């Protein structure tokens, strides 16, 4: 297929074919990072701006590495809300970046819809690197790439997403992407962390971790954002781990080749035991590797899509 | 002409011919950013250090993009005054950068004269990216490039600079540059924001916005640095907007092809209405685009000038 | 010799031959930074990650310049302890960087042994850019390169290290490196700043600056980390300068071609007078220049050493 979209904003907006095309493109870019010289000239002379309104070392680095392996020039811009003394609107900032003749803006923003709004106002490409609780499409793409690579397909597979679904853009992007590609998605969390209307997105809901694990081909475990004061939260964390934490014991009762996934960074002993994080089922580091390939594919396609 | 200066410190120091040479060079570099591969090898293997003692995302990005389009290696160094635990003098820092065999230091500093002082102590090129209230020469160069491009010339034109002239390095650099190239410059501000001695630089002074607008070919509107607490300042801001703010109504009475300029970031509703900022007269985003060309020219020339 | 080590962690771990091999390699890379195009393709398509848990502009810049002169892609990651909201362990962070298919991690960390621990868990190269009070091997390598270059040899020379030995990774790395190469090392400090057991590393100890200076071929003066409140500390600083500070008068009584070294940044008037810092014996800026060559050599060798 010929890619025509100038932006990558949300998996909700993409067709099954478009998602598959990104995954296929990512698959072929993956080889680049195994070469002795890990570089292709695809985006030589292009300028990619990482515009991050929320701190996110991991996602920023992944996009930066991806862009550099495509030979793009990368400009990092971290705008922390506290230091916006010379504040201007997101749209004005975006228009300025466009006026620099940048080619792609990679945007991380705390407000849902920020990337879509920016994309409407710019002629250059916008890639959503996470907008509020809305979507984080490249994370879901790398998750799907990992499943496809490990299990050979996505269609018909059972994937359970476990954790704070309500506040997770990763969950939303995964639900849209996986269901479009024919997977059966179950979300599993305490009731208060299940958002209203999640079934309409095509996901089954359970509050029982045993139900989520039974027959699952892959589980995607979300990071729990507990407060930082561990003295206060320790009982809550322990309770969470007892009720939803993935342990070796729980994995012994499920499919032999189940994939254990996590977008990182892991809270060892909260979302899963260390044994599981480092165990035979874990594909967490493969996800990181696939993140480069998925983001190379997205940057490459978006650069064509004008 | 053959460029011989190793530094770009202030437009006050340059001859008419030198300024015109920079503008001509910028004009020819402008095409690079319209190419599919926006890169020339002019500064390949050179090291440009952005040494910023004041935060300035916009200017830093503009220099970084300019240097990368010339194929230079760019090192960003942000030294915030608060965190200078291992403080050393500016000169020692500069000598260290020189010892790294860097080729050009782009310096932003809060003290007037910092760039000139550094340049005296180093053999490598120093580009002033703003020193206190003194000068911001590349901003004025991009402003002049924009006027020349849009109106075909600078000589004989009437340019009004509106806003906080007293605390503006942008105003100072523009007055020096424009008057050297034969423009007639008027500055317009409330009395307390007009610095003593500005007429000696060659500028006319008015406190009446109607006078500043009448017959002007271009207006350059400076950013007002109101305190951040908008509740306290709202009446002051409103008063400023009423007295000096550029509105559609005010522009209806002036030259049909007047240029509306602003170094950014804009305070919409304070210095000008949104309608004007986005209107037919506004060349604010062209200024940003020309910033790349002007800075490419400066970096390129300074690299030759040893 | 053929380099086989994938990491550079500590000079204590290296043989005399390995240290000499790094110095020889550095010597041949030094020429690159004198070229018009200061770049060789040695690490083209490789990814170097500067992972800094402590702020260090100087060391980070030096590694960044070194890596870029080798044509590597460089990713800067500054993790300040205060902002580790999404904290993960150093090992998990390292594994993530490895999963990005980075080739070398340059690690600055406040804990002694951090680099060695990381290296044990990763297949990719780890370069220690300073770990607690343990070692700062590339600093000692550039110091030795400077001595060798200026005095033609290291074997048999008398080198005195002056200042806060107890809390100095620079002192430790220098003692290991210099003694392995046959220099006679003396450390000089007030008693409370001499660590227990330093003689077992092969260094002589004195508390008398005159003894440290007598017959010395080179002195390496460490930075004193006095508290920031200069009003409180002024008497202490003055006392230190009187007792240990290097002055023109003290240098008049010693070897004519003595080298004065300092890892920077200098406290003028505390560790030495300004006259000495900028004087004929000072090779402080040559050290900075040699830092690029030493780090190019280390990055180059480590990249081969798998």
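Labels for the chains are A, B and C, by order of writing; each one numbers its residues from 1.
Just so we're on the same page, a residue touches a chain if its C-beta (ideal position, glycine included) is under 8 Å from a C-beta of that chain, and two chains touch if they have at least 3 such contacts.
This is a predicted model, so every value here is computed, not measured.
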Arrangement of touching chains [line / ring / star / complete / other]: complete
Numbering shared by both copies at the chain C-chain A contact, with half separating same from different: different
Computed distance of Cα centres, chain C from chain A, in Å: 40
Chain B residues counted as touching two or more neighbouring chains: none
Chain C-facing residues of chain B, complex: 44-47, 49, 73, 75, 77, 79, 83, 85-89, 92-93, 95-102
Contacting residues of chain B [partner chain A, same complex]: 33-39, 55, 57-58, 61-62, 64-65, 68-69, 223, 228, 264-266, 268, 285-286, 288-289, 291-292
